[in-house]
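Everything below concerns the one structure shown next.
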Amino acid sequence: MTKDAKGPEVTLRYFAWLREKTGTSEERMVLPPEVTTVSDLLRWQATRGHPFDIAFTKTETIRVALDHAHAKSGAPLAGVREIAFFPPVTGG
Amino acid sequence: MTKDAKGPEVTLRYFAWLREKTGTSEERMVLPPEVTTVSDLLRWQATRGHPFDIAFTKTETIRVALDHAHAKSGAPLAGVREIAFFPPVTGG
Amino acid sequence: MAVRVDTSDFDVSEEMARLTAQDTGIGGIAIFVGKVRDHASGQDLASMTLEHYPGMTEAELERIETEARKRFKLSASLIVHRVGTLKPGDNIVLVIACAPHRQDAIAASEFLMDYLKTRAPFWKKEALTNGEAHWVDARESDAGAAAAWHHKQTER
Amino acid sequence: MAVRVDTSDFDVSEEMARLTAQDTGIGGIAIFVGKVRDHASGQDLASMTLEHYPGMTEAELERIETEARKRFKLSASLIVHRVGTLKPGDNIVLVIACAPHRQDAIAASEFLMDYLKTRAPFWKKEALTNGEAHWVDARESDAGAAAAWHHKQTER
């Protein structure tokens, strides 16, 4: 790839049991260059070690939002500033 | 018929434009013995002369209730104490 | 379960509070409020007068509620229908259905409205601002909506 | 059209009055209120805590309202959703849809609820009287109800 090795910083946010299991509500970081889609990101989270490995074991129960909008697993991360992880919603 | 020539008195009630066209909201009378069903009664009303003849011209737009319950044209009148005539309802 | 015919207005919050008081098993409340519109068939409306058949109205509304209770799992319900002369913006009818589950509450409120519109003995007379007045015609679509429920029951 | 996320309670009559003020073209108002039930999966509930995703919640609720306005002829609508810790009997959510015609109001309120339940980023955590606490699982039936609307659109 011809782009810079270091991409822009993004904000990662965690809600409900993902917040509890990761012990994290918000973090800022530069994602590895090979992480370019939502599904890449979910796989990468499981490789970050404890407690992320446990929180991201069953990724089929995890939903992702990019810049405040629901995103599918193939959605690209390029240009995104805020990424959120949460279980299926249960409001109403 | 072996029954008495004079049946029991019934109350007839009229609502909405049937009340206005007949100039009657309520009347008490003994129905002729040959009037035994709702459709008999509708036909008979049209023979009573002015203003009933006009009010009961288009009987397909007239609904009938027997003792506070909707009735079909074949419903028998025997034992009924209150009969109401009105257009299709428009509440709600 | 209650029905009421009233010349005076209703307050939705008050009626809701009365229906749900001390029943914390209720999860959903579906409400419908019908109001007088400012126009009728393209003409400006001055007022609307609602006539009803005292005695039959209450009996019919109770039959409609009883049928709703058979079809849906309800905790409480209420039908209030106003009579007399109303102005544009005034409330005409209130239907509230309370149930443990949302789906029952919503379906019951629709059922109550559809049946009320085709079976409860109320008649509307509209007075226009141009001085004319006429009795409102029954709408085919209302009869269709009620008939669809009958069909639904048969299908089961 | 308005959406609101609030820790405090709402008053249905007040919200209704605000939505309908000065619009006498409204003929029907459909309202849904969701409440905290006193039990969950057969266990007694002590309280329920609602978490949400500030920023996305408002954006998503506005998208849901915009979609409803495209599908139905609406005069006004409102979604209020509470967050924080609630007790059995407390109100959780309020949806109001006002329309010239009854059918649009009722269908829109159902649509808003179905979409809200599957798309708006709220999460419920239930605390039981026995001391246990757990996050509520999403219900398959809710996803099915929202999917049915999508199907409806495709059919047209």
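Labels A, B, C and D are assigned to the chains in the order they are written; within every chain, residues are numbered from 1.
Keep this in mind: a residue touches a chain if its C-beta (ideal position, glycine included) is under 8 Å from a C-beta of that chain, and two chains touch if they have at least 3 such contacts.
What you see is a predicted model, and the numbers here were worked out from it, not measured in a lab.
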{"item": "Required minimum of steps from chain A to chain C, each step between chains that touch", "value": "2"}
{"item": "Chain whose average C-alpha position is farthest from chain D's own", "value": "B"}
{"item": "Separation of mean Cα positions, chain D and chain A [Å, integer]", "value": "27"}
{"item": "Between chain A and chain B, centroid-to-centroid distance (C-alpha), Å", "value": "74"}
{"item": "Chain C and chain D: spacing of chain centres that average the CA atoms, whole Å", "value": "23"}
{"item": "Residue numbers of chain D (touch at least two other chains)", "value": "34, 102, 113"}
{"item": "Sites on chain A at which at least two other chains make contact", "value": "92"}
{"item": "Residues of chain D that touch chain C when the two form their complex", "value": "11-14, 16, 20, 24-39, 88-89, 100, 102, 105-106, 109-110, 113"}
{"item": "Residue ranges of chain C in contact with chain B within the complex", "value": "34, 50-53, 55-56, 59-60, 63, 81, 92-93, 113, 116-125, 135-139, 142-143"}
{"item": "Chain A - residues contacting chain D, complex", "value": "13, 15-17, 19, 65, 68-70, 84, 86-92"}
